[in-house]
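A short write-up of the structure that comes next.
Note that the chains take the letters A, B, C and D in the order they are written out, and that residue 1 is the start of every chain.
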């Protein structure tokens, strides 16, 4: 059994990690921390876990995380970079679900996140945990930067085109739509039910923190910097990301075949038949990315549709997938639950 | 492995059965029928099942259901009573998720359902599959009448009070609210998104088909006919039933303790601590009923709050629970997935 | 033109008042205050008002409210009782949309609202602004306590029965469901989209602040104290209250006729034909209460269904209706917009 | 008073027309027809109209529409082209809210709509009713082709850029999201609440009927054919369209100023300040299009955000706007109601 700790378990990625780990046959969660809710039983905050999770939130200072084999950070940005190094130096493996270790260019990170980085040396040693691209590196990693939700959907959608040089990488467009849980479980006015329901809007058009992360990933696939316009939107649903991607064709190919070949061996990427339109609910609660590729009217622009559950393949599920790889387990271990539809 | 057939798999109870059975370690679904969609792969209608369910819908006439150990009917009312007898006579066990075998008084059934019953003799032999009340009978049953969704939530909420004679059974009130999936996957105007979203209404106040079913169940608990006012409502969510129950106190008792004692050994009924308010999402996708009992202001009226997922404990999950009991499996087999929250 | 001021305009009742008053032909809003947002143009907080409302929020200390003919308080509980007296003494009329002046028994108010009342003398002089009951008193009032949303729906639903002594007033039950905007525009976790969507729950069952207000109103109609069980619920829609009311018949009558007679002359109460089920969306955005009365199965219990838009007939619309009465205008002035459906 | 008839009043554009026309000071609706619901009072199908609309649906054959000054067709595609000519020849003016007269190239229309056109001669005489582009022609028109909902949002968003030749018109992209009411009030499975709620998907990517309509309009603005990729999506809200438009800059300019200048005199187009993100709810129930233009990161791609209420500026409201222009009324007559927020 892998002894697992969770730092910051009161948000949506935290409770989703608990849901997945409590059903994972090779894991025992031994500690979960929360500064604000120390002492509260987890199941009294999240009644869905009643009878199945007996832990109480512990004060971070008191929790003995160093005896864990692996610690997940489900904290706001800026926490893991302060607390993870001590654990890493003690030999504990760490998966950070926040953004602290995602951007290799520390100056760029500091610009977008508005703070000084506390441990640039660990940024260099972190592995970006998108298994479909970096599986080999994940195997030997001690520190994983778990990808953001938008970046997962967008990178998996563009991968077969960009890696093979099939499209013009100077003018990629990612029009992405997220359910409201992507904004976290914070008491903020703009994500109140009465503000976000029966409403649709774009946000962050001048610049969103996931832009440099996506640009970095696509650039690595392409082997050169890419041009990307990224527009995120808030849509009135709880879970789900739908990325609609546009790319100018650079070289003719059988694009459907290219997608199918690229993902033929991937357990968690499902390429739909031609002419398909994946729905976010078809992946609700599951660690799956479903993708369709279109060439409307036979024109010069490809349209890729990529859907994930932002809390699973876009956060906690992908973190568990990375854990499985790091610990030599079957990659699908504990991640085979079927999507919930309707 | 139990060989299972499903008749009528294109509705919500059908796809939910598939979701649960595809993850059940002791079951193999060998046939699924649909008159209208014969030939269609199940996973092309329900993409959530892609890669996990390889069956195609078969024409009911062609399907060899008699070689199954168990057949579930997830059909509209009036179908099972016509098709189940041939299977039953061939020794196959049957669980009907519709209403054909729920009401023991056939004349009463015919009045509420507006049709002649095709096999009254099997009504008499059917067992009403509410395990918390009829577990022993379920063990030996060949034919199970799986309870309705409202009746499950309401009966489990009233059971500890009515069986022990703690309340006045002449004036019980059940004010119940259902998610829209309870109305099924039928193309009807009133359950369109644009009609049912951002809206709330009662329906069937003059008389709803679940009224005689609930009255029958409560009457059996009480040992005498009960007086019941039942008002169902449609609420803009996909899954979930919330029953708010009102009963006049007949005899003083520790009501919280009565609930806890009644359900102490039940794997799928969770009595919350005093002062709690169960949420429907705390049971979303899970085979659980959560219940709280209140005595507001110390008055003479008890208020019971009872929540289930209408498609799980209110339909497919309870059917699988009955299957487990019938086949001597652990009752929780295949039913331990955690609720999806948020 | 009536010169109107609004204190506390950044919540939902505030913006709804602005929507109605900006379209009222006899009103000019001359000042709107907000402690936290002084200086912000109203239309930059609420873009729906762009081009139609040119005011900016003013600091309460700076606003010259005494030159207004009427000031609406759309503030949290406990503010109006502190700020209204100075205005009242200066001859300004006041309508408080919060609860400060609703409960005549000051000790009772202090118990439920957890604070000392700042001006009990004005409680005695306030008129409870439910025009269908207190229209004559409203005409001459200087201070109106605008009713709560639940109390409006519940009192209008019970009025024809209780006033005429047709039901047993010792055991009334009000099972009420509210859209989330009823909880206000406060940054609180439990009303986040991802918490409140696709979910249903009761709350405040041990005791809700609207209980004493409803009990007071029903008691005045009945001429004696009443017994009331009140259970509010949160339902995933933005606007709307649906009250389902239960009463034991005390005296036989034509109940449909009693409702129609009671409300025959009322411009804002619509009694539906027998067997009807009013939907909350049928009153969305309009100052209307629609009501249906049922006697299920011809039994001894009546069921009344009463729907309002909580922000209109349950708050801002009713306040404008009171204003119209106070200033001798046609009661429907500025309140004739049709409901928005779908 | 303008005597108005409505053909096909049982859908969402029909009931929305009724809502607007019942409040229009210069209009009297004298007839409304429905083949399937003849005899039914309008207010019994749409209770929101109780007490305000006294008409009953008439059989189309029986209705005397020739005495109307104006007839609106709120029918499915293919009806107006059969029934309008007789009215037009009798001198009645006609506004068709469906697509029968929108595409000037009849062969193109027949390809996309899959039927033979019944009156190509009237296509040539019809005016495309987008007042911001064709106001002068609308003034003298006898037959108006009222634009589609997506085409309205997309054309108004692109107009200032395309007309002035500021962008590369060979590779325009319109990523559009619609509320579910855009699919009409038809009993179809895919728009059931339980299918469309908590879900997001693209549809019609290979080709949607609004594509040729938008392409025609943009081509007329540009004076040459344009290249357009159009991807519509279904989003879980009732009303609203959000179009996110992408265009490569062709010529440097002050794009914010260009938008403001283009729409300075328009009563129903609102250009937001720089850096804004319009929300669909900011136009809910109102005949307004709100637009923002962005140039993310100072790059070579412009992003335009354009929102409308699909049933108002995208259908019934724009039809009333056209009526006002045709009859020489103030263009805003009857269209000044404020948006409903929240």
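The rule is simple: contacts are C-beta pairs under 8 Å (C-beta built on N, C-alpha and C of every residue); 3 or more make two chains touch, one makes a residue touch a chain.
Remember, it's a predicted structure, so these values are computed and weren't measured experimentally.
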In contact with chain B and with chain C at once: which chains are those? Just list them. A, D
Tell me which chain's centre, taken as the mean of its C-alpha atoms, is farthest from chain B. D
For the chain pairs A-B and A-D, which is connected through the larger number of C-beta pairs in contact? A-D
Separation of mean Cα positions, chain B and chain A [Å, integer]: 36
Can you give the whole-Å distance between the Cα centres of chain A and chain C? 45
Whole-Å separation of chain centres (CA-atom averages), chain A against chain D: 39
Of all the residues in chain C, which ones touch at least 2 other chains? 12, 179, 181, 185, 194-195, 197-198, 236-239, 278-279, 281, 284, 342
Chain A to chain C touching residues, read off their complex: 12, 179-181, 183, 185-189, 191-198, 236-238
Interface residues, chain A side, partner chain D - complex: 171, 173, 175, 177, 179, 194-195, 197-203, 205-207, 211, 227, 229-231, 233, 235-240, 242, 244, 246, 248, 275, 277-281, 284, 294, 296-297, 299-301, 303, 305, 307, 342
Chain A residues touching chain B - in the complex, by the definition given at the top: 12, 15, 19, 22-23, 46-52, 181, 185, 197-198, 238-239, 270, 272, 278-279, 281-286, 290, 336-342
